[in-house]
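Below are two complexes that have chain A in common, paired first with chain B and then with chain C.
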Partner chain A sequence: MINWIFQLLVFPGLTFFVWIAFAFEWLERKTAAKIQSRVGPLTAGPKGFLQPVADYFKLIFKEEIIPRNSDKFVFLFGPPLYFSVPAIGAAFIPILGEKGVLSHSYDLLFILFIMAFSVLMASMLGYAAGGRYSTISIGRLVLQYTSYEVPLILSILAPALLARGLSLSKIVSSQISHWHVFYAPISFAVFLIVSLAELEKPPFDIPSAKTEIVAGWMTEFSGRPLAYIKLTKNLNYVFLSSLATTLFLGGPLLPIDVQDEFLKTILFLLVFLIKTFSVGFLIFIIKSALARIKIEQATSLLWVITTPLSFLQLLLIVLFR
Partner chain B sequence: MVVSHCRRRQDLKTNIKSWAQKNSLWLFHVNAASCNGCDIEFVASLTPRYDIERLGAQLVPSPRHADVLVVTGTVNPLMRERLKRIYEQIPEPKYVVALGACAGGGGVMKGCYNVSHGVDKVIPVDLFIPGCPPRPEAIIYGLMKLRDKISGGSHE
Partner chain C sequence: MSDKDQAEEKLAKISTGLIQYSPEGLVPFGPVHPALKEPEYFKIILEGEKIVQVIPRIGYAHRGIERALQDRNWIQAIYLVERICGICSFSHSLAFVQTVESLTELEIPRRARYIRLIIAELERIHSHLLWLGLVGYWTGFDTLFMWIWRDRERVLDLIELITGNRVHKSYATITGVRRDLPENIERHIQPAMKYLSDRVKFYKEIINSEATILIRTKGIGWVSPDVAVRLCPVGPLLRCMGFKRDVRTDDPYAAYDEIVPDVKTSTDSDVHSLLNLRLDEIEDSIRMVLEAITSIPTGQVKSSIPRAIPRGDAMGHVEAPRGELFYFVRSEGGNKPVRVKIRTPTLANILTATEMLKGHTLADVPVVLTGMDPCFGCMDRLTIIDIGEGKRWQINGEELRRYGIEWYNKNR
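Coming up: the complex of A and B.
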């Protein structure tokens, strides 16, 4: 029991994922800086590696302003709840073996539910803040969500169809010799596009468009609630890249058989981290290279191009399997 | 014994606080009736050649996320109330930087009827960066001074 709680909260659960989230933010800012031929964070820690830590500590020590026309309860207690959504999702990801900490036989459906719940939490927070910009942003967020949910589910279905199972452990164990990305490349591409939409990053940063609607639904938040929201956004990054690793890139599994238990754990962790950071890096490069599109362009891109493509991939899998 | 232990813990907390604050200064920029000269130099200090993100400074879109309010321009009566409002929307601890000669004391508009002769007549200012417009090097020097002020304040 104590072992299970340790796994859930410390390693490979919550604390581990929070530290990867910090590393992801540092990598994101450094990648964006390199693409714009800047240097990026440099002074906080070695090579600016402690920059995210400094940001979060500063936000924790700052004042919290509660707007007069906001829903105070949701405004203060919503952000930790929002943070818990990807934190629970991360516990399903298999890292040190074929099974995650909370793994069960239909956990892929639960992960879809978690991704929908994350958008619901964001819209709840935006409406609780009660500002005009938040309201506009939530309208855009929900519109974007309705257009990317169908390709998301269809692209996740492809590896489930290849593995003939709805559990992550089954999907991972079916990829021991060949990764699903070679059999479902279109679904992998669609999954990457949809993750950009889910993370509200360019070219889909329409709900938090800086030059149009201030900071989107985060406009009214300050201090600790803002720290929670920023951390959740980074955790979502990690969650989606590790999900792409699990579904398409074979998770932590190795093709060779290692006898030593300790060495096996270390190797699994290393393989998982390399794959997750590679997917994250790919998302950062796409994100930094593209500009924002309009909401109707995003909707038509997601409905007209990605949805038929993911259908086509499913059809190909069913026909040629 | 107990007192010194408590004080050490207090010191550690203030040290972490000032380290975090000086390494993560999020800027919010207000153009209070400026001619855009200072604004362009301010934006130039964010671009590749100068890149103040090295120091952890970032341009944020909302005043509620900000730590530093960067004001440019002669604050005219129209902007005075808005500037006060934006200042009050920034959560504590907050710092105000008056960028350029106009924000410092009127500049070329000194003596005109509808200017404030400096941001410090409207809101409290922590740092003046002179120049018409100030070069990005001057802006970086000013940011370093602000960092010194933050870490110096913790040792008192």
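Coming up: the complex of A and C.
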């Protein structure tokens, strides 16, 4: 029991994922800086590695300003709940073996529920804060979610079809010889596009477009709630990258068979981290090379292009397998 | 219209009309907003995401410069008018100096006129690059923004090398310019211009091929030329509607009669054509700078500056990067101007920009509103509007002071 709680809260659960989330933010800022010929974070820690941590603790100690017409309960207690959503989701990801900490036989459905719940939490927070920028942002967020949910589910369905099972551990173990990305490349591409939409990154950073609606639904937040929201967004980044790794890139599995248990665990962890950071890196590069599109363009892109493409992929899998 | 177009339009209508906002649909844009570099307030009335009406309310950056000019002598005034704008500061001092010169019989040395052209064109390059970078920022394309601003540093370095300052050049003076060019300046200008013209070609390629930039700018901000003429825009905004108007060729000043600019126009009158037009103008400016630096005559750069300017009224204008910049100066023979009136291009363009926004969506606001390259600090003025009686009048500093004292005496 104690072992299980340790796995859930420390390693490879919550604490571990929070540290990867900080590392992701650092990598994102550093990559963007290199592409844009800047230096990026530099002073906190080696090569500015601790800058995201410093930013987080700075926000924790800042003043909290609560808008007068906000729903105070949701405004203050919503952000920790919002944080818990990807934190629970991360516990399903298999890292040290073929099974995650909270693994069960239909956990893929639960992952889908978690991704929908994350958007619901965001819109609740935005409405609780009030304010016109938040309202516009929530309208865009929900509209964007309804457009990308169908391609998201269809693209996740492809590896489930290939593995003939709805559990992450079954999907991972079915990739021992061939990764699903080779059989379902279109679904992988669609999943990356949809990830950009879920993460509100360019070209889909429409709900938080800063030159239009300031910070979107986060405009009214400050201090600790904002720190939680920022950390959650980074955690979402890690969650989606690790999900892509699990579904399409074979998770932590090794191509060779290792007898020693301890060595095997270490290698699993390394392989998983390399794959996850590579997927994250791919997303950073895509988002640095694109401008923001408009909400009706995003809607039409997601419905008209990505949805038929994911159907096509499913059809191909059904026909040839 | 094909079935596909109809379907897409229907989809766009559904997706934008679904979102319902506060009953009156009013969204404040400014005075403090990440898209605006300077404080200015735009009331935006929305219906879904569609813009119904935009009401600009100006005056947040009013600094009383026209009044302050009346307290300064002719030389001090040059440095104050430069502070009106941090981007086109040389255009302001040039326009003021030329207006004052037209009151006198002074001869401006030919070398000084060439140097004025070089600085004015370098300033145009830097101003247009700044705007292009900001278009990247407004459309969420931060990489383009950073790249263009890095290249802009080359121009700023050249300006610093020639004038001693990056932003407020303090370079123009009555009868010429304050300093001669440094020796061997062409050795610095030529490689920088070569580098910039390569980069401009590269940016042209990006702007005409990158899909996200194309769908964000093509066909956005279209306004029919008939409407536009009624609202009197100036500068690139007017030229992109197909009117060939440029003070540099219509009423040549500095050395523009000898080095003739090639005025570009476009007929699309949308934000994308503005992008291409400004890039073309940068290329033309690069050509003019190189031409001027090779054919520059030798000689003096200024003659002796008079203390007092003869009595009279004068009007002058230059083509600032944003359009026609207009100055009116009245002298009564003393060592100070009696009245200076400034009409900046942004004031002329702001109504057109709000007209361009109608019918577009909220997402287009930053791109279109700033497509005219606004400079609100230049524009603001104090006008008092009494809504109750429907009157409006302008007031000067002395009257405002007296009004304040009277008001407090009455209401205390």
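By our rule, the second predicted complex is superposed on the first by the 321 of 321 C-alpha atoms of A that agree within 3 Å, B and C clash if a C-alpha of one lies under 4 Å from a C-alpha of the other, contacts with A are read in each partner's own complex, and residues count from 1 in each chain.
The rule is simple: a residue touches a chain if its C-beta (ideal position, glycine included) is under 8 Å from a C-beta of that chain, and two chains touch if they have at least 3 such contacts.
Since the model is a prediction, treat every value here as computed from it, not as a measurement.
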Partner chain in contact with A:38 - chain B first, chain C second, else both or neither: both
Chain B versus chain C as contact partner of A:222, first or second or both or neither: first
Contacts of A:112 with chain B and chain C, given as first, second, both or neither: neither
Which superposed partner A:214 touches (first chain B, second chain C, both, neither): both
Touched partner set for A:316, first chain B, second chain C, both or neither: neither
First (chain B), second (chain C), both or neither touched by A:66: neither
First, second, both or neither for A:55, with chain B first and chain C second: first
First (chain B), second (chain C), both or neither touched by A:29: first
Touched partner set for A:288, first chain B, second chain C, both or neither: second
Common ground on chain A, meaning residues reached by chain C in one complex and by chain B in the other: 36-38, 210-211, 214
Sites on chain A touched by chain B in the complex: 29, 33, 36-44, 48, 50-51, 53-58, 61-65, 210-211, 214-215, 218-223, 226
In the complex, chain C residues that touch chain A: 8, 11-12, 15-16, 18-22, 26-28, 33-35, 49, 136-147, 150, 210, 212-213, 215-216, 361-366
In the complex, chain B residues that touch chain A: 16-17, 19-21, 23-24, 47-48, 51, 53-56, 60-62, 64-65, 67, 89, 91-93
In the complex with chain C, residue positions of chain A that touch it: 32, 35-38, 132-133, 135-136, 139-140, 143, 147, 202-203, 205-206, 209-214, 288-297, 299-300, 303-304
